[in-house]
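Some structures are shown below for you to check.
Shared chain: chain A. Partners: chain B in the first complex, chain C in the second.
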Partner chain A sequence: MGDSQYSFSLTTFSPSGKLVQIEHALTAVGSGQTSLGIKASNGVVIATEKKLPSILVDEASVQKIQSLTPNIGVVYSGMGPDFRVLVRKSRKQAEQYHMLYKEQIPVTQLVRETAAVMQEFTQSGGVRPFGVSLLVAGYDDKGPQLYQVDPSGSYFSWKASAMGKNVSNAKTFLEKRYTDDVELEDAIHTAILTLKEGFEGQISGKNIEIATIGPKRIFKVLTPAEIDDYLAEVE
Partner chain B sequence: MSIFEYNGSALVAMVGKNCFAIASDRRLGVQLQTIATDFQRISKVHDRLFIGLSGLATDAQTLHQRLMFRHKLYQLREERDMKPETFASLVSALLYEKRFGPYFCQPVIAGLSDDDKPFICTTDSIGAKELAKDFVVAGTAGDSLYGACEAMFKPDMEPEELFETLSQALLASVDRDCLSGWGGHIYIVTPTEVKECTLKGRMD
Partner chain C sequence: MSRGSGGGYDRHITIFSPEGRLFQVEYAFKAVKAAAVTSIGVRGKDSVCVVTQKKVPDKLLDQTSVTHLFPITKYLGLLATGMTADARTLVQQARNEAAEFRFRYGYEMPVDVLSKWIADKSQVYTQHAYMRPLGVVAMVLGIDDEKGAQLYKCDPAGHFYGHKATSAGLKEQEAINFLEKKMKNDPALSYDETVQTAISALQSVLQEDFKATEIEVGVVRAENPVFRVLSTEEIDEHLTAISERD
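Up next is the complex of A and B:
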């Protein structure tokens, strides 16, 4: 492809009008572990596979879902270390907002600032784009919200979305099962079923992570025991 | 003469029943010479939020411009007006930024917060917030204003009574201060309307 001649430098457009590094970043995301999010009428649920490279890894120490503020959390598909850096930056931005206004940052503002950081890394010298797409779930005065942020820095609000390896099957599954008035408990079941669709091996509370945010506006990562309870309900 | 007394000012805000009123004098002086008798100290941030700035007039103008700038950007980004409590935190932060070279101003912030509850507060020149449930005062006539308000204030006044009370308190206090006076500006704000009046007092 003629594009490959332009794939070395981030700040150079290819003749087809693409920034090839961003395309490659999206490929990195697409080969990451599946993650998904569903916005319910009274909350949001996000979930991800947690496939570890070996059974010797201490799975309790791996936290793929992180909170950014007490009422906003995030999950990713792609490169874990890039995710950690973004979480750190976003948490700082959220705290700076709070220090200035003594008010919790609205979800849209935090998403916008995180996306701006990701965009900076597509237009600066000597850096590469982040190899992650984020699903940000939050509950503020505007209600429950779910946003996806891509390596390019573009962000979209979704009713339900998936990212990573199994994205097309997962999205088709979600499209079929999603209704506008779905409640949080049903959304959790749907999230589990969607993950199960493309799951290789036996699904359990130890190899998936789920987090919810409900009307009380507290972001909570479920414990493996709680996940096992939901899995039993789904059976 | 202290730098806070260079231009002279009197500012007061008072809480009523689901309403508030904010009032100021109209004199702008250069030490003992009166330069203007129609100086505006109170400005509207949005329909439910007002800020008055007492103290050195040049700092009051610059601070006002900076606050309007920040609020307009906030409105564009967040697609909503700032709550009074949020605005007060912003004022406090901006003032503290200049901790070792401060603005010589004392702001008085008054607004209606969510569910139409009146909110008033003042800060010192480096951003220490003082929230009050009844009234806040600022300016060279501050001490007199404290006395007059303490004597005349009653909780849960309706807008008409609040207007009378605040006007009397302001005019009585500025008469005891040679650096403020020449009438007054008063805004009475309820959830449905904003009334602005000019008071005629002793023109001296």
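Up next is the complex of A and C:
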């Protein structure tokens, strides 16, 4: 694997000092479906649009939000196939940590290792950066945490964040509504309202995905029926 | 402002264009269309049927060797639309992977697991410069122990979805429009209805009536979960049933 002819980096500096491949990767993320995350005082909620290319697609076969460990989950905006690669690598890293230390990997460490993988692909030979930004939600001994990781491999902890097509409207909406002591249930409602803001068409449990992690530290993807219940509450 | 595409290689290898697109992947999709063949897959209540055109470019060719329908295991079938050589590579690797899975884990590789494997391999080609994406769209069909009849489609970009019905190739969009209307109310199609929906969709979209030798049909049924290619006689029966119905 890895032809020696490509043992040079494809991501190189432009004369102005920019890494243009990373910028283009961010553009790819910006044209992806909107996703967001909100950190509450007692948990984290992440959500995303789930717009499928046709009604013929079996929406039960698609799950955009994935768990990495029982107490850490992740959602993305951007290129689905790239996301699958990162999920696989992260799950393996989490499992290797567990096998070595016999305890669950802390959220910060898993995020750091995933980000390191993404950075590798901006520097290694013959590869392009990942066309995804990730929102990692977890609950460990340090409490509820939400991290955003970008194609460059840089990551930050957020109280609330959004990515994808509707990012600026969504972030403005979140800034207005966020309070430091918001509870998980309210955060779920806020997440739904934020998604609704930029949603084209009729929102339902079948075209969005929501996942939460609460004080019991179990990452759970909501069923379409549960989402519909929350949607009814929001009305 | 940085200079455009940084050397203009974004069209030659799978690196990002300034708009965040992967041109090589988009060109791979075009290569699938250039094969000038349309394929259709339909999932019924307890069966799946895939249909594709059988274009034999030369009368001197041995028709039996011209095929796009490949058994991967006894229970899984794959319909490859696009470049034949790329299809054969994909099929060879898929067969190997499915056989290893059966050996390693002691049970048959499920449809969605194989589809994910194919899609993940395709993703690698979109990220590493040393290999180009394959010019093939693969439809994988089989009967899953828990979920029943399954039809998955994998494309050069690395996407894969389960489908109630789908299409690939030259008239992909027209076929999908046709199928969306037919499948709108989630009908629970019987085996015969599934096969006839697939064949009549192809006939309608290409606006021609086929002879049994001009199409290939592959099926799996819950009552006999083996992947089977229909014989010319069986295809004829279905074609007759369709024309009598209309």
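Everything below uses one rule, namely that the second predicted complex is superposed on the first by the 225 of 235 C-alpha atoms of A that agree within 3 Å, B and C clash if a C-alpha of one lies under 4 Å from a C-alpha of the other, contacts with A are read in each partner's own complex, and residues count from 1 in each chain.
Convention: a contact is a pair of C-beta atoms (placed from the backbone, for glycine too) under 8 Å apart; a residue touches a chain by one contact, two chains touch by 3 or more.
What you see is a predicted model, and the numbers here were worked out from it, not measured in a lab.
J.: On the A-aligned overlay, A:92 touches which partner chain: chain B = first, chain C = second, or both, or neither?
T.: Neither: A:92 stays clear of chain B and chain C.
J.: Per the contact definition in the header, classify A:106: touching chain B only (first), chain C only (second), both, or neither.
T.: The answer is first: A:106 touches chain B but not chain C.
J.: After superposition on the shared chain, which partner residues are touched by A:21: those of chain B (first), chain C (second), both, or neither?
T.: In the superposition, A:21 touches chain C alone.
J.: Could you give the residue numbers on chain A that contact chain B in one complex and chain C in the other?
T.: Dual-contact residues (chain A): none.
J.: Which residues of chain C touch chain A once you look at their complex with the stated criterion?
T.: 2-3, 6, 9, 13-22, 43, 112, 116, 119-120, 122-124, 126-130, 152, 157-159, 161-166, 176, 179-180, 183-184
J.: Quick check: in the complex, which residue numbers of chain B touch chain A?
T.: Listed in rising order, the residues are 77-78, 83, 85-86, 89-90, 93.
J.: Would you pull the chain A residues touching chain B in the complex into a rising list?
T.: Those in contact with chain B are residues 99-103, 106, 108-109, 112.
J.: Give every residue of chain A touching chain C within the complex, in rising order.
T.: So the residues of chain A touching chain C come out as 2-3, 5-6, 10, 12, 14-16, 18, 20-21, 23-31, 52-58, 60-62, 79-82, 84-85, 88, 121, 126-131.
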